[in-house]
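Following are the structures in question.
Presented sequentially are two complexes of chain A, the first with chain B as partner and the second with chain C.
Then we have the complex of A and B:
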């Protein structure tokens, strides 16, 4: 708790410093530093964001196909294929999760936006089970953000419903088997419809809106993408994947909150991919291929902060080493030796400081999300 | 914050300058201790057990409102506790002869000669308990829609809120309303009132060091401590308050303190409590009453600033996340309710009368309540409250 207040205090200092410098006009060339924000925005849009959404669309289509095959013939082989497709799509999602901008941020609440429809964990299993039983569910409502997306599929594909002995039973012997099949179909349909709408928007009007927003106001593209990136790194990667399960925000560890709780053995993989996604974005690495373009890294170098670039990348790399030594099943790791989880958390946390305070100050951007007021 | 207090002082100065030029004897010589630490013959004279007890009781009542295994009678019994009844989880509370309800809307200045209003206010709290138990508990598992009580979950797998057909969380109305009706009213309009501090032979006894039977304090010292206790009564170490020690006044003076626009308010209040208590020991009643004024002015700000904060926070989340918006608006509802217990500088009146407060609440609850409240309504109420208290909506609003 003290850590939070300490950082809140630092953020406040950051605000004061950020606000005290003279940056208020929508200068076409961005802030007062003459950096070519336009080039950065074009690089991230064309070489990172749009390709990532495209890849997710491909993987979701494949997922949908394996779902149809399974629903037509409910064999374990087909369920395994569905599981493989789910994992491929989940990996692809890790590269998209940070882009809560444009159409993606229109729904799902101000904090999580589109993540509300794809990756809210832990799942509220009762909502899924009741939904399958009585057909009463509305995936668009806030009551079901924690009962859809990848976590819901995780449960449907790998978890045990009611008093079933096997995961597949919910689709075969369970009295609500038809309901479970419907739920499976509806969750995937929701994900596909939504992702298609984001991709269409990016390939339609939004790209030019995004690229044109080169100013330095709260609604300018660079400011928004900095905010989204830091929110992703701090809240989704550091907290939701590692910190919350390890008990950093509660009295004891909460192993049931890990990502891919029902699959069990891919939590580490997903965490490493999430970290890669964050680091790649920071360094401007293209989604396909290995070329690097204008990015936070080059912006910092332009501002003579190569030292910060080195520091941030070092911290990312250190965090990666700490995650690599974890068991592929985070639940096992938590129950066997939770210290390694908290060490991974601490390593991720070091980068938070550099990003949230030093980098943000250097860019002269304000963070628009604050720690929750609570009650 | 300093400018605001200064301007309030100026107004206060303008109002008092014609009537009272007497500064009292040796006002400069009263020293405030570093902490709220007062002793007589080596033992502490500070005591506010009844206040700590009521804060803990109130805490349990608010929790009980969120447990649909309870019923109206059970929660009523906690609210109007009778000594010895097993109403609470805490045995000490059960053994106590204190009750929260008996001190709700019970201040000398505002209610000793206004039983009608006092009863109406107590009935409001009784009503929220009844409605929670009879309208919301039975609908606990249903999804709420306009006109239908039930639950609504905040976006992104967030907290589940339990609301009535108009989107109001009764537990929030109760908790935030109690800050006014119990804590603020008892501090500002009862224990800091000369009618209480100087009642009977309190002054003479304080002058002559005559202590309460079996106690180490004079009656006047104790009354002042009871005011102190409604704000700091749940602190681990009341001598050095850290605030956020309870979910009532302690939490919200801390929140207001953390808004840059109002920074300093926590110290202003604490310093005034200390100096006023020291003034009592030194028998400087003019200085004492000056500190009472400072406390009234500053604590009155709390429900006003938070009402505007939550109206604006609710406005920002309407439609995007109704559960979050309705939760904020429910807190606003309770803080607006509390405005009738504030105290204008150098007067015996609140900033808003009961009728004016009820008017705002009726506006918020008209039709389907929060389900169809407009941004204009929220802004208008925010602006009126801000203007009345001398700050701006922007200053009190959330930082985004």
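Then we have the complex of A and C:
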């Protein structure tokens, strides 16, 4: 009698195992009953991330070249050329800012990761000015995250130092003009060195590590890239570019925290490019050209969530419309009619909900590191 | 009518005077103590005492138990006491004191922060409370050696009460699964199973199949509803136990549910008859070379029989009713969660939320949003954003915090969205209600927005 029950139990266990082993024998490798995560990671690495870093490297080199020209001949023309190169590099940077992964992640930089060495604003101007005066600065230290990168260049190229009347004065008539030139050189050198290290890592070992990390653990590539993407959209695009300046996280608006504060008229352009970068990544659009590969969009469609894809893209587009009506200088917009800024923020926020809740739930990305029983 | 009641009482009296062998309960006591001791050590080892009870600036409290505060660094002492108590329970050393200490210390740990509520922690609290009144040290315990006597038989209701508690847990868990999302949409398994794609063999194949999601949902419900009965009847017992092992090992592989599977597997042993347990005791005695012999009394005397029976009777009445209290509240249970906890609703839904709090100065209209990371741990934020009672408590904490910082005329609003079982996220809390002015109570919370869908069932 007991043996019968025992065998029945065995059969049940055997059933489960049998089902699974026969299925895997029949299906080709990669099977079409599971989403091709490999393809997603490959598309993301080869068509989006690496080309973006490469482009940034090209733009930073061009920036470096115009810097050398300017340092040799400190004319307004050369400063303008430097400014143009800075803007080109800044636009290219928008596509790279979300990839705090690989070598970029190892470098530290607290909450913002590698962004700390490229784009922390508002700038602490005193650090730059003192650095130029006495040569005491360490761009690697945590104290100087807010005194380097694109915001520092912004100030050096377009801002007024001490009691100067023109931006170029800090390099010519200012007593610390040599210091400013050094600071300028060092900031650009830091950016180039760092970006080169990220790019060579990607082109070297990291690409295969990244593509191989297809598991569903907190440290796998897919989970990391989902987290990085959401962090970028929520904290860097929505908050840093628009929410913080509009005063959503403080008692009053903080116009001095806008991106490209000293250049004045490109904050809207950069915000729109940032949004494009996010939407393109979501849709798997290649950095160069217009082809779309495996992406969050196709993954969601595989999981029968085309409704969510449509909603997310609609929300991105709505946010774009709300940003387009803003003044090209956010400082002006904040001071004349801040409600338009908060409306753009609210529009961006809707997509945060879809990404952070609906998309993450659909992917069931593993973020936990403790017991739970679904409450 | 009168005869009916007299017959009932007579049957009850007859039942209460039945006896059974003391071995199953003793083995149960030993296993329970060992697993609990191991649980405590595991929790300590993972550094979770620090992460969950010491690091957070703020702890969510249970309604009515706000006085249970974190002990900061003394929490380690509490865990030490709890671990030692469980060890003594396993050994049957000063059993009554040990089990009471274990119950109090373990329950205190759980009451410190609602964030870490797990159904199986609640189960352990209940079980250890029940065990205070059971003669689990009647045999095979150090107390026997100390008192120089052991007992061979104990009242049958003592062993049966453990079986009843286990049965309630399983059966109610099964009842909870009788809802349209679980049975007809295969939710939430439809989300959880495909994400286990890195399991060998079945990850890429079986886990992705639609029919498999439904099969698992239905068999899960069937298992929960039938297993207490299959375990109770001798003819199906071995088969049932195999099912228990398979079910709990499978779920352990799939989900990060810690010690729960092992607790349930070992607890199921109590259904086996005395011979089985006597064999276990014999083997263990041989291993420990125990040659002690002492006066063996046949029947264990129960002190305070009437009050004990009344307490246990009340205990089970409460346990039978509590999971149904949700019916007293309006709106969808899965959405409002009013009456969700303490009901054996285990691994029942996938719910994710986002809650952005807005602090407004009522007079000037100035506002700012709060970054939850400044106040809550990731786990706390996750639990908070989908449970209204957490949201309310957190809103008050924020209000008090900013008041102490000098802000005036504080109002606290929340913009919150929740996605339930794969539906698109919907607004959760009315963003026009000042939560700082709302109070916690047992009344329904009118500021939870209605659920824009229908889930039928229990």
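Note that the second predicted complex is superposed on the first by the 330 of 375 C-alpha atoms of A that agree within 3 Å, B and C clash if a C-alpha of one lies under 4 Å from a C-alpha of the other, contacts with A are read in each partner's own complex, and residues count from 1 in each chain.
Going forward, a residue touches a chain if its C-beta (ideal position, glycine included) is under 8 Å from a C-beta of that chain, and two chains touch if they have at least 3 such contacts.
What you see is a predicted model, and the numbers here were worked out from it, not measured in a lab.
Contact with chain C, but none with chain B, is seen for A:311 once the two complexes are overlaid on the shared chain. Of the two partner chains placed by the overlay, neither chain B nor chain C lies in contact with A:185.
In the superposition on chain A, contact of A:116 is made with chain B only, not with chain C. When the two complexes are superposed, the chain touching more residues of chain A, out of chain B and chain C, is C. By the touch criterion defined above, A:360 lies against chain C but remains apart from chain B after alignment on the C-alpha atoms of chain A. When the two complexes are overlaid on their common chain A, residue A:172 makes contact with neither chain B nor chain C. With both structures placed on the common chain, the touch criterion links A:108 to chain B but leaves chain C unconnected.
Across the superposed pair, chain B and chain C both touch chain A at residues 12, 368, 370, 373, 375.
Contacts from chain A toward chain B in the complex involve residues 12, 107-112, 115-116, 120-122, 124, 138, 141-146, 368, 370, 373, 375.
Interface of chain A with chain C (complex): residues 1-2, 5-6, 8-10, 12-13, 16-17, 19-21, 23-24, 27, 31, 33-35, 37, 214-217, 243, 247-252, 303, 307-308, 311, 349, 352-354, 356-358, 360-368, 370-375.
The part of chain C that touches chain A in the complex is made up of residues 46, 48, 51-52, 117-120, 188, 191-192, 194-198, 201-206, 208-209, 235-236, 238-239, 242-243, 246, 250, 255-260, 340-341, 345-350, 352-354, 356, 366-369, 371, 378-379, 383, 387, 415, 417-419, 422, 424-425.
Those residues of chain B that touch chain A in the shared complex are 143, 151-158, 160, 247, 255, 260, 313, 316-317, 320-324, 331, 398-400.
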